[in-house]
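What follows is subunit A paired twice: with subunit B in the first complex and subunit C in the second.
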Partner chain A sequence: MNKEALKDLLYKMADDQLILGHRNSEWIGLGPLLEEDIAFASMAQDKVGQSLALYQLLQELGENEPDIIAFSRNANQFHNSQFVELPIGEYDFSLMRHFLFDTADYFRFEMLINSSYEPLRLLARKLKGETRYHIMHADSWIKNLGNGNDESISRLQKSLEYALPYALGIFEESKMEESLISEHIFTGEIKLRERWMEHIDEILSKTQLILPDLAKESPHFGGRHGIHTEHLQPLLDEMGEVINSDPTADW
Partner chain B sequence: MNEILDPRFQRLDVFKATHQAPTQQLDQLTTFEVFVLLREGGQFQHEGIVHAPDVEMAFLFAKEQFSRRQTCAGIWTVATTDIFVSTYSENKISVYDSIETSHTQGKEEYKIFHMLKRGKQHKYAGTVKANSTEHAFQLAKATLDISKPVLNIWIAKTSNFYETSEEDKEIWNTLPEKTFREAIDYRGQAKIDAFLAANKK
Partner chain C sequence: MITSTFTSQQILDWLQEVKDPEIPVISLIDLGVITNVKIDSNQKVKVEMTPTFVGCPAMDYMVNEVKSTLKKYGAHNVEVNVTFKNHWSSNNISEAGRKALKQFGLAPPPQYDTIVDIDILEQTPCPFCESTNTELKTPFGPTLCRAMHYCNNCKQAFEQFKPV
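Let's look at the complex of A and B:
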């Protein structure tokens, strides 16, 4: 098995979860209503938990321990898509990102249920369930607000148009993509993007939102290879504040 | 020292803002009642309410409000206004005592919930097929287990509920592992004790 290709896949998944989990946790205490605040915070917590599980798989493959990996790397060592590092913005953007990212996340786990790498196969089977809740939650909000009033529809439409090129960056292929596919570790980003597209289209067609022509969008690639926006490093500095001031700190 | 990016800190001055005008009426979401099944083979019981725009979102909110810990095998939600509430009876008198019994079935399914003890939750008692709430009440008297005095009854049309589907049950798969939601999981006292012991030497 191509271990480097596998590690690359695990890193990008884990980094996406860790960064978006931290980003979404910024809404704690500020959500639009109490129930949503709690639900959104729980899902952010799920994401950090999922990143931990993936970093543990990496540790089994010889990488450093999860806390070190999570808090002691610089931005150019991160494999997350640029999409997840963008600031939370207004709630319409955070909700749209939740919808676009978690849909990809759900179908990635669904595809990984057949992975030839057993630990990943078992993990995907386990995590698919909680991610199913994430997309049920996202779909329901998009359908509600996408059929709401002029403000909710125009806000979501604007967020959709802004988010889309970044969302397409989720599907940036690995340099070892062919290895992943031929060794049946993962069915590949192109297949995932197709499955993602079907679901996004299905949900948006139930709303008054208009999905722009994806063929005309140019995806924001680079994140998978360490190229990030100016928003990532300051976030990492803040996340690493404890470990950087006391590497032996326990919490 | 880094600037603190977390918007919770950045927006702290929102709390210093001048007193906001009270929210206008109808600017609030309505309430939905939440029933939880802790484990397969158990009984759905009332756990509380959530505010939500509709019954489906009520279900989604209820999942994080009322099934954050231990286990869960299903949730039902229904609008508070869709529930018929009987009068309350005292002591050993059952609310069924004062109504007629019906033996003729109707067309629409109703869910019946019983409260057996003051201060305890309503528990799911079963369904009846009736033509009206009153009819459902009378049918419940004939078909459900009412051997113990029932102090209060809730009745609601099954079609008004949002219920967990079979395939959605996987959303609770990882719940038993989320021990980090329990304060005890952090073993705070053990850490304090270890710290004190280390600093004594």
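Let's look at the complex of A and C:
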């Protein structure tokens, strides 16, 4: 098995979960209503927990321990998509990101249930069940607010148009994509994007929102290879502030 | 050297004492998070556990509780492995566990084949008055494993251990 290709896949998944988990947690205390405050906090907890499980798989493959990996790297060593590092903005953007990202996440786990790498296969089965709740939550709010009033519809439409090129960046292929596919570790980003597209289209078609022509969008790539926006490093500095104040402390 | 012998059934009985730290009326056995107990030829006890949710912060605590409880009964050589081999589903909660949840005021999760949509959480029977005139407020709650509902009959908010 191509271990480097596998590690690359695990890193990008784990980093996506960790970074979006931290972004989602920024809604604690600020949600537009109590239930949404709790929802984003719960999804944040799920994601950070899922990143830990993925970093543990990396540790089994010889990488450093999870806390070190999570809190001691610089932005250019992170493999997350640029999408997840963007600030939370207003609720319409966070909701749209939640919808577009978690749909991809859910179908990624679904595809990985058939992975040739057993530890990932077992974990994916578990993560799919959890993420099911995330997409059910996203779908119901997109349908509600996407059929709400002029303000909710126009805000979501604007967020959709802004978010889409970043969302397409999720599917940036690995340099070792062929190995992942030929060794049946993962079915590949192109297949995932197709499956994602079907679901996004299905949900949006039940709303007043209009999905722009994806062929005309240019995806924001780079995140998978360490190229990030100016928003990632300040977030990492904040996440690591406590541990880096005394890296040898025993918590 | 003192040697004691015990069976895996005894281990399971002893582990009934270990409760979920956040829902102290249900044992880890009835919750279904202890998925396997084996004793090898050297009387080493091997316990397999799996989390309800991957992000469950109580996992380390529960592993330590399992070890200290078994130690109390004289099983000193205990290995606990957290694994996703037999991953947890709410269908794994025993009948006794479901009763305990309900008495605690937490609606037990329905048995299911596949979760099609969020509708599975609607009309959850109220644990206080049994009415199904209830509505889902949010699929997320105070812990990862709970959803929040409202009963239109007895006018009380209640929580449900959600199906996963």
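Operating definition for what follows: the second predicted complex is superposed on the first by the 248 of 251 C-alpha atoms of A that agree within 3 Å, B and C clash if a C-alpha of one lies under 4 Å from a C-alpha of the other, contacts with A are read in each partner's own complex, and residues count from 1 in each chain.
In this text, contacts are C-beta pairs under 8 Å (C-beta built on N, C-alpha and C of every residue); 3 or more make two chains touch, one makes a residue touch a chain.
Just so we're clear, the structure is a prediction, and the values are computed from it rather than from any experiment.
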Task: Fit or clash between subunit C and subunit B when superposed on subunit A - done: clash
TODO: Answer with first, second, both or neither: which of subunit B and subunit C does A:Ile88 touch in the superposed model?
DONE: first
TODO: Return first, second, both or neither, reflecting whether A:Gly49 touches subunit B, subunit C, both chains, or no partner chain.
DONE: both
Task: Touching partner for A:Arg73 - first (subunit B), second (subunit C), both, neither - done: neither
Open item on the list: Just to be sure I read the superposition right, which of the two partners does A:Arg195 touch: subunit B = first, subunit C = second, or both, or neither?
Closed with: neither
- [ ] Once the structures are superposed on A, label A:Gly129 by its partner contacts, choosing first (subunit B), second (subunit C), both or neither.
- [x] both
Open item on the list: Which partner chains sit in contact with A:His225 here, subunit B, subunit C, both or neither? Use first/second/both/neither.
Closed with: neither
Task: subunit B versus subunit C as contact partner of A:Ser140, first or second or both or neither - done: both
TODO: State whether A:Ile38 touches subunit B only (first), subunit C only (second), both chains, or neither.
DONE: both
- [ ] With subunit C in view, single out which of the stretches 23-31, 41-49, 95-103 or 131-139 of subunit B clashes with it after superposition.
- [x] 41-49
TODO: Would you please give the residues of subunit A that touch subunit B in one complex and also touch subunit C in the other complex?
DONE: 35, 38-39, 42, 45-46, 49, 126-127, 129-130, 132-133, 136-137, 140
Open item on the list: Applying the document's contact rule, which stretches of subunit C touch subunit A when the two form their complex?
Closed with: 53-57, 83-85, 87-89, 115, 117-118, 137-142, 144, 148, 162, 164
- [ ] Write out the stretch or stretches of subunit B touching subunit A in their complex.
- [x] 2-8, 11, 29, 50-54, 56-57, 60-61, 63-65, 68, 168, 170-174, 178, 180, 186, 191
Open item on the list: Looking at the complex, which residues from subunit A come into contact with subunit C?
Closed with: 35, 38-39, 41-43, 45-50, 52-53, 119, 122-123, 125-127, 129-130, 132-133, 136-137, 139-140
Task: Parts of subunit A lying in touch with subunit B, wherever the complex brings them together - done: 26, 28-30, 33-36, 38-39, 42, 45-46, 49, 88, 126-130, 132-133, 136-137, 140-141, 144, 234-235, 237-238, 241, 250-251
